[in-house]
């Protein structure tokens, strides 16, 4: 039983990790909370449904188009909404409110174009499972975990070795200094949104395979993703990933004891506790505040 | 000394790896104007922040009229008799000058029901009279109903000082009161401080303007790199080689 | 009948007024950006509904709704001492989400997504408020009480203390003010009125379900508060009327009713975005949002 819960926790963690990774990447460079990130994921999931289930395209093609849609939406939100706000020197609070408004617009569009009933993508047969010792795991779940890990490793390599990745980390570390050495912060922001939204699109495809698609899925994912980032430390993508796995484990072990209706409550209590006692997260550095 | 309003003993504060305040000890005698000077980054504002509770000290003793302020909240410290003016303007921007000053008198406004039902309103009139007198003395009566965000820099300074005066206190702490003000205003503030001292007030100030400080202060404490390196009358300090060194480094 | 429609609209405006005025007390006067205000609304609605379904008299239900919401307001105030800015806003968002999640999942109590039908209309001293017109009178009376109460608070010395806390909390502390207590009080009062609004809503529509209290329902309310202007009670009144009426125009354009709901939300979100980008002080605001 323990091992099954452990595995379930890791699978949930893998999904949260993808959500948190994209979100943390954007936060670490831009320093504000892009709450609409959850909406980008939801919309990409619906795009997958549109291309695959409605238009009948090949799954991999549909998935690719869904991811591209995510990137377009993410970058679009930045240039249409956040950029004008940044030009006005809007505070992070204002940008947060704006991003919640954007999330609402995205969810409402989902409702209008696709309706309120849940959709599902039946590409991989959910039922076919493997029994490894005391654990039952489906091929879909294995696919999810492996794909997440591969993507996360690729993102890590990109951030560490590519020119853009290094520029992103420079801006994340110290924007003013980065600008002095000639890095255009606005360009890097656009890249962050592109990369973060690409990860979001990828997460959307996996989530759509594993769970049902419904119009308000963005909000719940965002709360979980944000919680994961806080637990691990918002300043880094690695923190977000670590926090995500911890959250997945905590939730699944939590509902071993508590009724499963309290699952979301667990995430929130953890979020609350960290924000109160250790807002810099597990990997973060304590900042001196007033 | 017996009549010390403020006594600091072995005060220490780290910020990350940096020792911003390194084992400082000094006292401020009642009825004097004491100045805390030193080059930029010597820890003066940190000391002010530690005393007023804005920052928590690592260790040491901060005694205000006998009370140890060490782990107290800023509002508790204020109610024990401390008034402070900050380096940057911290007026309530969207409130009028009168409203800013009204808040300083006492904490009756904390009482929700009394406030809601309009009890104890009799004091309001005498408070308004006191405010009018203060504004007269500073010649800014015409700004009484203006939002403080619309005041000039100098006017804001004056209102801040008035607000700190109205706040019941036995020690007045001013962080760079004449920084960036016109020469006339500087003289006005100098006069005000001397008048206050004549009335028995104790003033503890940080200032960079050496001329101003040496003319106004009774006692000067010099800090450098988190430590107290010298103490004395303005004359002592003027001729102290250690002080010159600290500034020239 | 046209007049029935107008009465219905006025009732909705009345309920929204209570929500907006109470939110302005928190955001505009005290500087506490509570994006979780809907949680108070929902707690009031569910408390009142459950008591009413158990046979309790209406005034008791109304009061209980307000008190339960008020208590949760005190709880939410706890983190306001240590957490500021966008982190605090996120805590309030998380709070809203958790209340929603509890409504959805504690189905023994709330019947989950099925909601609570058959909530009785108010009955005060034997008078039944089945006729919408009389219900409107009840709402008007309560709105007047709420408006006058909040106005009294904001004009009083306590109100000035709240504004001082908003403008510069540290300076207020240095004057000896216990700003945490002041903020907690203001949040609790704000919550109380939101709970009252929830109780009115429940006993008007006679059916409630979690979807009316999802996190996103904050967008119309915060839009009203910002458009009307922070710390302006008349501004809030005007904005409530205008912003409630604008989406009603959609009804007459001929959209199918399933689309009306999300379209309304999109309109509110767009208005909010426009105001944030072009006029963050709103139209009658004393203070700009920060």
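Order as written gives the chain letters A, B and C; numbering starts at 1 within each chain.
Throughout what follows, contacts are C-beta pairs under 8 Å (C-beta built on N, C-alpha and C of every residue); 3 or more make two chains touch, one makes a residue touch a chain.
Fair warning: this is a prediction, and the values are worked out from it, not measured in the lab.
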item	value
Connectivity without chain B (remaining chains kept where they are)	one piece
Interface with more contacting C-beta pairs, comparing A-C to B-C	A-C
Closest chain to the centre of mass proxy, which here is the mean CA position	C
Chain whose Cα centroid lies at the greatest distance from that of chain C	B
Distance from the mean Cα position of chain B to that of chain A, given in whole angstrom	49
Rounded Å distance between chain A and chain C, as computed from the means of their C-alpha atoms	30
For chain B paired with chain C, centre-to-centre distance based on mean C-alpha positions, whole Å	42
Interface hub residues of chain B, defined as touching at least two other chains	54
Multi-chain contact sites of chain C, meaning residues that touch two or more partners	170
Shared interface positions of chain A, touching two or more other chains	290
Residue ranges of chain B touching chain C (in the complex, touch as defined)	52, 54, 73-75, 78-79, 83-84, 86, 90-95, 99-100, 102-104, 107-112, 115-116, 118, 163, 167
Chain C contact footprint on chain A (complex, rising order)	32-33, 35, 81, 84-85, 88, 90-98, 100-105, 107-109, 111-112, 115-116, 216, 219-220, 223, 226-227, 261-265, 268, 271-272, 275-276, 279, 289-290
Sites on chain C touched by chain B in the complex	152-153, 156-161, 163-164, 166-168, 170-179, 181-182, 185, 231, 286-287
Residue ranges of chain C touching chain A (in the complex, touch as defined)	33, 35, 78-79, 82-87, 89-91, 93-95, 97-98, 101-102, 105-107, 170, 214-216, 218-219, 222, 258-259, 261-263, 265-266, 268-270, 272-273, 276-277, 280, 289-290
